[in-house]
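For reference, chains read A, B, C and D in written order, and residue numbers begin at 1 within each chain.
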Amino acid sequence: MRALVYDEPRSFAVRDVPRPVAGPGEVVVDVDLAGLCGTDLHLHEGGFFASFPLTPGHESTGTVREVGVGVGHVEVGQRVAVDNASACGRCPTCSRGDHLYCEDFRSLGVNAPGGFAESLLSPAHKVYPAQDLPPEVAVLAEPLACAVHGADVLALRPGADVLVVGAGTTGLLLAQLLLHGGAGRVTVAAPTAFKLDLARTYGADRVVQVTRDAAATAATLHDLQPGGFDVTVDVTGAASVVEVLPGLTATNGTVFVYGMCDEDARVSWSPYDVFRRQLTVKGSFAQVDCMDRALALLRSGRVRTDGLVTHRYPLSAYGEALETLRTDPTSLKVLLDPTA
Amino acid sequence: MRALVYDEPRSFAVRDVPRPVAGPGEVVVDVDLAGLCGTDLHLHEGGFFASFPLTPGHESTGTVREVGVGVGHVEVGQRVAVDNASACGRCPTCSRGDHLYCEDFRSLGVNAPGGFAESLLSPAHKVYPAQDLPPEVAVLAEPLACAVHGADVLALRPGADVLVVGAGTTGLLLAQLLLHGGAGRVTVAAPTAFKLDLARTYGADRVVQVTRDAAATAATLHDLQPGGFDVTVDVTGAASVVEVLPGLTATNGTVFVYGMCDEDARVSWSPYDVFRRQLTVKGSFAQVDCMDRALALLRSGRVRTDGLVTHRYPLSAYGEALETLRTDPTSLKVLLDPTA
Amino acid sequence: MRALVYDEPRSFAVRDVPRPVAGPGEVVVDVDLAGLCGTDLHLHEGGFFASFPLTPGHESTGTVREVGVGVGHVEVGQRVAVDNASACGRCPTCSRGDHLYCEDFRSLGVNAPGGFAESLLSPAHKVYPAQDLPPEVAVLAEPLACAVHGADVLALRPGADVLVVGAGTTGLLLAQLLLHGGAGRVTVAAPTAFKLDLARTYGADRVVQVTRDAAATAATLHDLQPGGFDVTVDVTGAASVVEVLPGLTATNGTVFVYGMCDEDARVSWSPYDVFRRQLTVKGSFAQVDCMDRALALLRSGRVRTDGLVTHRYPLSAYGEALETLRTDPTSLKVLLDPTA
Amino acid sequence: MRALVYDEPRSFAVRDVPRPVAGPGEVVVDVDLAGLCGTDLHLHEGGFFASFPLTPGHESTGTVREVGVGVGHVEVGQRVAVDNASACGRCPTCSRGDHLYCEDFRSLGVNAPGGFAESLLSPAHKVYPAQDLPPEVAVLAEPLACAVHGADVLALRPGADVLVVGAGTTGLLLAQLLLHGGAGRVTVAAPTAFKLDLARTYGADRVVQVTRDAAATAATLHDLQPGGFDVTVDVTGAASVVEVLPGLTATNGTVFVYGMCDEDARVSWSPYDVFRRQLTVKGSFAQVDCMDRALALLRSGRVRTDGLVTHRYPLSAYGEALETLRTDPTSLKVLLDPTA
């Protein structure tokens, strides 16, 4: 089968590779669509626990081609959404119930072959029936599952006043989860107008166009709401944005660090302010047990995806897809279609 | 001014009484609209900590007529929503931070004069600016505030699968809070079709018409979802319904007792089941600090009220209003308009 | 090797059976000590998901005899505490992160061979190094782990005023966890004086001798503390006790159902009281991820075990051990020693 | 009566001032003992919302001299512990249930006259019967109440592995609360040996002597426990210490900012680390509703105070007391005795 393969960082090609075979408790899935996201830019550079040679693609939906011994909940021909992340269940961390930090964490498309290929191999319990959702919707289950985990971690107080900075695919999904997750008001701030329009369409109570100058963003948002927001969320991954969030957070409020900043970036914060105004800072990373709830939310229609997919490419145009993701201001979710 | 006055249970009349005068830190509000709810039926009978003589009316909106010394956040002529409930802030329970169970709990319309009158007297901090909301919406802030408190108590897990039994005004408000409070799916079950239609309009994922035979309701809902619901909510106030909820609740799930059952009703439950399936049962009672969040949610438009108000009466037709509430199958929220 | 085997409920014998062999990721442990508890009385009757033929024994400590391929964290000759419970990690419930309710829950001594034998077979990740703890202490890690899970579920508010009813091994462990788990005051009530003395020795703030007449117990405890306790805990497994707990619970408090009542027992409760006083009822069942924390607490010395083990028998005297557990008023933890 | 009075920062004297008179709902307390703490050093400089002229003293115990109209729970001659902090109960923040951040927060000894005087005036509901506790113990109820609030905020997971840096009075109280608040292990690190000895006496599982060089402290503690601690607590108030805590915190763990750093100090942290390892940072500030629980814990004997009071001065020696607090390495709690 054809698959995109990186031999080392920055060096990739579409190749013929052996199609995987389903062992006991495994399934082979023919990939219908696979999404790119910012993580793929990091993996391209060799970051974020990538292991080479690597076939990326951690957001996949497809059709079951083969089921291994003992697999009962899906059958050949069924469409499924794939959860790329699995915990071993046996390491000390898993034994403490902390599966997300499994010492043998397996992530298809990061440290195991992912969805930028005609077929992928998955533990059977990590594929979820999705024949009732269009592939363009099902492919968003994985990023939404991460956002569901984020909502678990955040444990939003009903009626909270929330600021979300960043309106990429992830920001738009997370903002919707919070809108329908109990927020009293959600304000979305980001630089690009059409993304804010989409936020509005999805129900954001207020949108604010800002620039990439975080100090100016802080001033604008402070003027808008001098008392601050109960919860401020970064979904930009820009440390300069994260740095100004405590100042935009109300007394007793929470700064939610959802975006992935550069590993060597630092923010400078006042511990007196954390103490005196009793701030909370919380990070959220990936997920390992939220797919069923993400799918339920997609089915409910409350979390919308219409308009999110802006680009689609065949496997052979992966380089172009990556470039679009990196530079095209009109892009949100960029998909690869290995069947094209 | 004219006011409805009960001298004792079941004995009421509209009377001329002295209009209240605002002391320091108080306001007098001319009532624009005041809602009736099931509690008023209990008060009519002398139940629920009523203290006589009594002017009921615990859901009120109106226009500020007079402000006492030291009142700054509202002014004469401004429209407001009234929070009927106040804690003293000084008793041992308040001193533990447990204001809802204040030993000197004051509830306008229950143990102090309420909104079924031309004017009411309120602590100033218990009236909230609401000029941007139509009175028909603002009058629902108090029952919604109770539901916000319910959501605080419930602390819904994002993506949870929820069953709400009961589709009166309260059920319809609470179901919406849960729908936009993170539920993955909300099923509303109730006997009357038009209330279920409204639930649908408001976004319920699924509605189920049931009868008042709780065993039959249990069977229907069990067939629909044999594994049970993560959260089951009673908003009927019928003990027969509460009794069947554990059996409809998934392992590790929660039974939420929001409805007010008769004081002498009992449910028979299996403590083995609570232990073995690790069930949680939680009650929620009234509120004392949720008005601002209720108003934010009404402003957001996510919690809808169109269609909720079915009847409106002048003060003089209070008896009729009570009768409508008690018996008319086409009624939801019944309002008194003391200006009519 | 010799093992106690039930062919069917109530019919047991000590037999020669093949010693288990460690497959990959497994270990064989020579059992040093194994505890009996009330669950064993239920298993004897065939209850509590027992599967026959059965070798009971779910509280075990021993010495590693053999390690399978890929086992690194323990070695032959090392003493360990055994966690009898494992989740599959792959069923839908595990995939939601709810491992305790795994659809393929494996419990040594309940639905797989346990510790009433010379050796037992365990998944390697379910044995924990315990060479620094005497076997008489290490054997209590499993029941304490259940209590740690109980503490997780209960999430005690710091400073809470707690009532524990029941002072068997489990009550004495749980009471200590709560004493050192933030309780402001712990009152232990039970019928047998020497168990209350032990509770005192372990630090209980107050002990109350009661009878098996739950109404009388309720009256005594109500007189002692008319406002009720923030948290009331059943560790008797008597439904008559569970039934009176809401009445002994303070407004806004919690009834904690830790004891295992008979499957067909019922309690009769007032749903109005649950609503009006905003009570919470919570069940706690077993555990699957608390062993390391139980061992840490044993090591800290804060949870004490001196005096808990009252009887010790060789495997051949299992019948007598069971009888002691069932009827001897001087017994607390009864152990089997398969090396004797 | 005699009282210590600051006319402005750094300028104080013991003066004759009118003794306060109890209005309705108020009491006058003759101060038996009043504690100094680091906050008094800040107040001396005019920091921390001090309002002048000021009589400091926020940790007081005494004997009721006079009760105002309507005061029932204490009587003249009774010994009490004083909670210096009160919320108004009426501002918008109080109305949201967030009394700790009351916009009219009253703090005896900070922005109202405190306990460095022969008598003080207090809202009646802010004095707690304490005749059963020696004054040397009762005077510690206020700092312990702050620590109880800290425990509320922290919501320690049972069995957590905790690091406390700092072993002043506050660190020693908080460490005990965590020791008896569910921690599996508590390690206390601080520079001064005799304070660590006291930590040991109080039950700390492990103590580590460090210097004031935070990088060296970090290296020492990292070597001791390379995987980090579930919870790391700063009770030094040194920003250099706070800065190194994330690196000493285990994946998924919490940094607890309990110490008060300088207002202009900054820490430099990695937002990637917060995201990737899902860290939580939480601040805790003062308290407003924890006195009864602090007193319960003092009564239980689990939180010990023997050895905490190292110095005692008459009112006239306030300057010396302040100097001892600032510079004497043998001091922990320093008390003023206005009766001396």
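By our rule, a contact is a pair of C-beta atoms (placed from the backbone, for glycine too) under 8 Å apart; a residue touches a chain by one contact, two chains touch by 3 or more.
What you see is a predicted model; the values in this text were computed from it and never measured.
The chains in contact with chain A and with chain D alike are B, C. Looking at which of B-C and A-C shares more C-beta pairs in contact, the answer is the pair B-C. Chain A and chain C have CA centres that are 41 Å apart. The mean-CA centres of chain B and chain C are about 42 angstrom from one another, to the nearest whole unit. Residues of chain D found to touch two or more other chains are 290, 292-293. Of all residues in chain D, only 25, 73, 83, 87-92, 94-97, 99, 123-126, 288-293 touch chain B in the complex they form.
Interface residues of chain C facing chain D in the complex, by the touch rule stated above, are 148, 151-152, 155-161, 177, 179-182, 184-185, 203, 205, 290, 292-294, 296-297, 299-300, 302.
The touching residues of chain B, when paired with chain C in their complex, are 93, 98, 100-101, 153, 234, 239, 242, 251-252, 257-285.
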